[in-house]
Amino acid sequence: MESKTKSPPKLTRRNYSKIIRPIFGILVLGYILWRLYEVLIVQQAYSIEIWLRLLIAGLIIGGVYALIAIGYTLVYGILFMINFAHGEVMMIGTFAGYFLFEVTKGINVASAGNPPLSFSDAYPLISVILAFIVGMTVAAAAGFFLEKIAYRPLRKAPRLIPLISAIGASFFLQNAAQLLFSPQVRDYTNPAAIARGSGWTLIINDSRVVITYTGVLTFVLSILLMIGLYLMVQKTKLGKAMRAVASDKNTAALMGIDVDAIVSRTFIISGALAGAAGVMWGLHNGLVHFFVGFLPGIKAFTAAVLGGIGNIPGAMLGGMFLGLVESLGPTALGISYQLKDVIAFVIMIVILIFRPSGILGEVLSEEKV
Amino acid sequence: MTEIIIEAVKVSKFFGGLIAVNEVDLQISKGSIYSIIGPNGAGKTTLFNCISGFYTPEKGDILYYGTPIQGMPTDFIASQGISRTYQNVRLFGNLTAMENILIGLHTKLRSNWMDALIHSPRFVREDNWSMQEAVRLLDFVGLKGYGDFLASNLPYGLQRRLEIARALANNPRLLLLDEPTAGMNIQETTDLTQFIKRLRDELEITIILIEHDMKVVMGISDRISVLDYGIKIAEGNPKEIQANTRVIEAYLGPGGAALAEKYRSQRRKSHA
Amino acid sequence: MNKDIIRTSSRKGLLFGIVLIFLVLINFHIMASTMISKLLGTNVLRGAFPEVRFMIIFLVIYGLWAGWSAVSRENKTTTKLLEGLISGITTGIVIVLFGLILFFLLETQTDVRRYLTALSFVSINIFLLGLRGAGVPVLFGLFTLTGLLGGALAIGLRSKTVSNFKHSIKAFVSNVRQSITSALPEFVTKYGKYMIYLVLLALLLLLPSRWGSYNNFVFGMVGLYVILGIGLNIMLGLSGQFMIGIAALFAMGAYSVALLNSPFPHGLMWGFWPSLVVGVVMAVIGGLLLGLPIMRLRGDYLGIVTLGFGEIIRILLNSDLLTDLTGGPRGIQNIQQPTFLGRPFNDVSYAYLIIVAMAVSIFLYYRLEKSRTGRAWLSIKEDTLVARATGVDVQKYKLLALCIGAAFAGLAGGIFAARNQFTGPNDHTLMVSINVLSVVIVGGLNSIPGIILGSFALRGLPELLRELETYRLLVFGALLVFMMLVRPDGLWPSSRPNLEEKGSSDLKEDIDPDLEGRGND
Amino acid sequence: GPAAEEPAVVEPSGVDTTALCEGDDFGCAVIAPGQTIKIGMGSPMTGGNAAFGIDAEQSGLIAVEDAGEFMGFQFELIAEDDGGTPEGGAAVANKFAADPTIVGVAGHLFSGATFAALPIYEEIGIPMLSPSATNPDLTRQGSRVFNRVPFTDEAQGAAAAEYMYNELGFRKIAFLHDGQDYGKGLAEIAAATFESLGGEVVALMGLTPGEADYSPVLSTIAADSPDALYLGGYTQEGVVLTNNMKTSGLEDVVFFGCDGTFGVDFLSRTGANGEGTYHATPRTPPETPEKDAFDAAYTTRWGQAPGELSPFTWNSYDTTTMLIKMVQEVAVMGSDGSLYIPRGALVDAVRGLANYVGISGTYTCAPVGDCNIEGPTFWIVEGGEFVAVN
Amino acid sequence: MLKVTDLNVYYGAIHALKGISFDLQEGEIVTLIGANGAGKSTLLNTVSGILHAKEGTVEYLGENISNEAPQVIVQKGIVQVPEGRKIFAKMTVMENLEMGAYTVTDRQQIQDKREAMFDRFPVLRTRSKQLGGTLSGGEQQMLAMARALMANPKLLLLDEPSMGLAPVLVEQIFDIIQDINQQGTSVLLVEQNAHMALSIADRAYVLETGHIVLEGDASVVMNDPMVISAYLGG
């Protein structure tokens, strides 16, 4: 061995990302502020009712994203896998709700004198509740079987393996739905009382701002479901068991927790939430087709990561944030709507650059060695 | 006094509200074996992390040959000859033992990706040399014949040795060992103690050691520091530490032999 | 015990029944009978229906399978028969219920195709074996019988003695193989591997000019995905960066070649080769731009950011904003074809070009992997913090991996665009990134043979599955899941190199490298 | 098919097939007895745009059935999935090129796929007749084999702009498109024409296709209070926009669609919201007995109404039928009982099509391959039905 | 109480336990000592049902439990304190304890049990709202024991409870083990600290590379020359 007398040279090294990161951040932030200034202060092109409409649209879609994102996050938190087929679970829920409404539309209930009413028009509340029950049940079952068939055998495999299995399952489910129900795009036949587009009307600046019933339903219900889920995970025995399984499966088993059952239940819950999101989607947007889960799936996945994947409040926040950025972003920045996903992704990248594990994710500034 | 290789000057490290290391001063002279002991959570590992550059201390300086190195990138510090092992063995588990050591040799090689693409003379020369050097190190830590095993498939004791070999590959001037004997039985512990001595004697490496096993600590340390709640509560040679009442109170407790005797008598009583 | 048998085998039968219902609801029974019909030499035109007898063959095979698979290895002969029978009967009962519904639809002429698009009267009628109502009991009989038969078949083939026999045959075969290899002259055993390589090489050189443009096209696609896969593997497999946006880098290569080589929108005609170089450089720059700000991200956060990057690039290429630059959604047409020794490229030359590019990529990959750089990458993947503490400049090496991986992606993109003479935003969707990711993982991370196999499986298979028409991706998705369940480590998992011998055998020559610069790499 | 049992005996034509084929630029496709005459079709049959491809195949199959037997040979439609992508287009084209019995291609559906497929067909002389690829460049580059039946964007866009300005008296219009080549081309030309007429283009912007809610875009547009909203795109986006307009401050603004938004699907999915919207078709006359017969056949065979899956149902039928007709025109029965189809002659025959009355319009192919040279018909939705207005 | 016969356990191709047989009587403390990788943890995990033996049986109170799932085994009263404590880091001390009582359905009983644990480990009471991951090593070890005791174990499996603990804490832990045993719980103790383990155990087994090489009364084993040289340092 050679001599060790040489003292180390005094030398500091450039740290590329330490320089690049703030520059990138400042550039993007500066651009955003400049655009906001232009649009909001200089041009003042949009009046309050327009902002209100945008806000409403953003909250509604944000609620849907959040519900789906929670499904990603729950599964991720417990298995550390990205359930790529989650969007398809939502699609299945959408279809289930669709069929339920077709059936309730088809049943005529006698009403004296008047032309016969369909069940769904006569009892809108019951049929909507039924639709949610059916949609959530079917989607939950889909989630359950998906895990059992495609993921459970891969529990111990490296994390990327179940991801590919999930991609395969996603292909399969999409194409199965296409072959079963044809690629046609259909619409929910909403009960007449909550027809799409109908709602409370506000008159602001002589312009009508419609707060749609379906929108309110979607938003309120998604918030309720989220709160319920959060309480469940924090307070109930099942929720705590889920957290225990998430942190260490073997130790959880040593506590007497049936890990397989907990994982199954996680998939059932996440499926049910996706199913609810699907029915909301159908009621509010009316679109039902085999590809309907793909885009919301990707968006919700983004939202889950944005909030800090594995973190339930994070998924809610991420979903809402993404919904609002998508709806308000292009207008507020004066950018073409074609680029709304670019805006969303760039903002996401900036946030992740400064908070590398999401908005609410644990702060990983220093990892324990 | 001999030359000081590394010095901590009033080093403090906080985690949120928690003061993990509190204004600790250390002076470690070249060629010595220096032990840091203290109760669990006293901040020993955290101090190591500050020295090896994982953490930047909030306060104080860490001087290496008189030059402050705190806040410098970890890989830079490593390239200056500070190597370490980890409390929970952290090998590159899916790579072979040879590959682990070869990665340890990283700072000693200079060929870059372009050399690799064209197999430049420098690459060929270094490649041959590094293979031999890796085998030599493998031999040195007693892992001959295990070179092509995946690190994660090695028994625990051998993993610890491999970790040391990887640290040695860097040709360190200063070696930080974090509880190297944890989970080893007495025989293995004795072997390892001898090995650490050899490192110092044959390779003239300065060693800082974190240990809970008092036999080891008292046996090989030149000097010992005791941390408690992040504060250095005592420093001295083994004799002085063993006699220090504060240390006994906070850390050592009554001696092991006496304790065992206590249990045996209790047991007899309860069975009676 | 008996209850157990009834439960498990009726569960099997139930499963088979439900799956069959699903298959009928997507008209797969028609597809399957068509295939059987074609196999037996009776052609069926697209859109036409096969004859009922082929449907019967399909159902018999399915029923046998249902019976067969219900049989467990351990049980006695009679029990096995029973298991097959129970399974068959259960399938039969399920199908009877389903058949009755179908018959009802047929009788009342109720058209449900608004909801279940495949359920036409013709298709129902064929499933009921052309017998209408009478088909229902016949189907029940068919499944009961075939279930029993399947059980009987399994007696012979699914027993311990048979499996022992199978083992002994395997042992025998391997014995024979061994004795043959030992009997062969030494050079054959020693160089046999190389001879196989030689044969493969010869095939590679000969086939493209022989097997027609379609095969060349498919082969070329596979080859391009091998190159993309190698690029991704450098990022994902070696340096552990979860990249789902490789389509963006692919697009950089493709668009560079396209824009620099087409009459529209810019009228630059730089020629293929220089623009291919530009394409590679652009991809590298893309990798760098992506990498610089996001070096700190790990795992799935990196994944989603790269996914976002891919989408950003695709949306921008498609957007009104960049239409003047990139041609917008219309893409870029009439990409000038390269020439080699004055002759313009045709499908055969492209096949050769791709073979060469693939060979070069593989060669470079191996050189990188087995170097200090490659090991530094691996260490980052295994444990970033420790790699750093071992002296690896993690950021530099991560960036390097992104850039070199990007170069491969750019190369593939450039060739891709020129070969199709056209490229547009739809060539660079998220699906491309997902496909490349699947290629690498299905094949086996860090395994070149794996990536080649994976590429054949994922790019070649869908082309082969064209016979299945619209069922192509359905079957493909199922196969993807199946492949992962059966071979979770990939089709050809990687193995670590043996290095100890190398280091020991060279021990005599005492070479000492220049160590002066140690310490400040 | 039912006719297969008794092959009709057809006398050889007496034409010297060897000379015929040698004289042809691309040689002959020889269909041996027992083989079928294959018409290819490349379309997206999986993925988000699958509805277009499935619809085209379903129409094409009916066309083939209607064609019946020709000199003892059956026609067969080989629809392959090209995913709508260039890459898929090239794959399918190569597959078709490898099959010597494919004589013509009723496709491809999407322009990108068509661009990538075109050179391959060009080389071996397979005529294309696309039901839907509208990119103007396709017929600009001097291709010999490419033809199409839809409008070019230019024809329709300009006509629409003039109609809106002159007939409907709109002065402020927001032009939207779906960001795909078809819709974007259309909207841009319409906007440019409208501006040159003196109208005000309050917006010209692309959307992200496939979204379920465009109310944010519409709310923003509402700030400019346009007279009408023009869309270049398909039914999917048209429906969502029309429905969203009612809640986005655009209740009183007219929605003006194009041939991509025309179809029963639009009516059923917009309901009352769709009243008063405008659409376009190339179709004259609108209702013929042939079209009714086709509609009935389509519904019986597939259980869906034509136009429910895509607006190109009728175009696809026509393109397949036209190709079949042209094959019947040039095919020659050889003395060996095989059918000889001179490829070059077929290519020229398709290009030479004139006054062909199909169910979706009357077609005459211009020398560049644009077969629809008539002006568009505009329709307004009134009482849940399309009513022609010009 | 526990009887293990001819146990063979594999990790893929690695043969970790090669025909182990041993037994444990009610009320005993039995200790297993052995070098790293001898298979001690593997043995405990097999008893707990996390791993399943390829051959051999595990009998508990005369019942074969070799193929039972872990949660069933816990319900039967065998509870393990795993190597390295394995506290649920993101759950509070209270929640960790609740998880320990997962198999107990009676709320009142859980509450009583928890109080009993707080009495036994007073430091846990003061930390009851703190996240498990932020406890010090010794506190974590106490929590791990308390968590296991929540399930009312009849047989407690302890895997290296003194690992990585400061000498004072080691002392406390062994005190507690003894105490638990005296209150009627049988204990199977795996330890590196052979000195201490042998001093509190009734009987001992010595494990080497998957075999049992020595067994007997703790006092006998302690005086075995091989044990002295290998494990006690003599």
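Should a chain be cited, it is by its letter among A, B, C, D and E, assigned in written order, with residues numbered from 1 in that chain.
The rule is short, and it goes like this: contacts are C-beta pairs under 8 Å (C-beta built on N, C-alpha and C of every residue); 3 or more make two chains touch, one makes a residue touch a chain.
The structure presented is a predicted model; accordingly, all values stated were derived computationally and were not measured.
Fewest steps needed to get from chain D to chain E, stepping only to touching chains, is 2. Where touching is counted per the definition, the chains common to chain C and chain D are A. When the interfaces A-E and A-C are ranked by C-beta pairs in contact, the top one is A-C. Taking each chain's centre as the mean of its C-alpha atoms, the one that lies farthest from the centre of chain B is D. Spacing of chain B relative to chain C, judged by their CA centroids, is 47 angstrom. The centroid of the Cα atoms in chain A and the matching centroid in chain D are 37 Å apart. Residue positions of chain B with contacts to 2 or more other chains are 54, 73, 80-81, 86, 90, 171. Residues of chain A in contact with two or more other chains: 2, 8, 11, 15, 175, 178, 182, 184, 336, 338, 341, 367, 369. Chain contacts: chain D has residues 46-47, 54, 179, 205-206, 208, 304 touching two or more partner chains. For chain E in complex with chain B, the touching residues are 14, 33-37, 136-138, 160, 163-171, 174, 178, 182, 192, 194-196, 199-200, 229-233. Residues 364, 367-368, 370-376, 378-379, 382-383, 385-394, 400, 404, 496-504, 506-507, 509, 511-515, 517-521 of chain C touch chain B in their complex. Taken in their complex, chain B has these residues touching chain E: 38-41, 87, 153, 155-157, 179, 182-190, 212, 214-215, 250-254, 256, 259-261, 263-264, 266-267, 270. On the side of chain C, the complex with chain D involves touching residues 45-48, 111-114, 117, 120, 212-218, 221, 264, 315, 318-320, 323, 328-331, 333-334, 347, 416, 419-424, 426-427, 429, 431, 463, 466, 469-470, 472-473. By the touch criterion stated above, chain C contacts chain A in their complex at residues 22, 25-28, 113, 115-118, 292-298, 300-301, 303-305, 307-309, 311-312, 315-316, 318-321, 385, 395-396, 399, 430, 434, 437-438, 441-442, 445, 470-471, 473-474, 476-485, 488-489, 515, 519-520.
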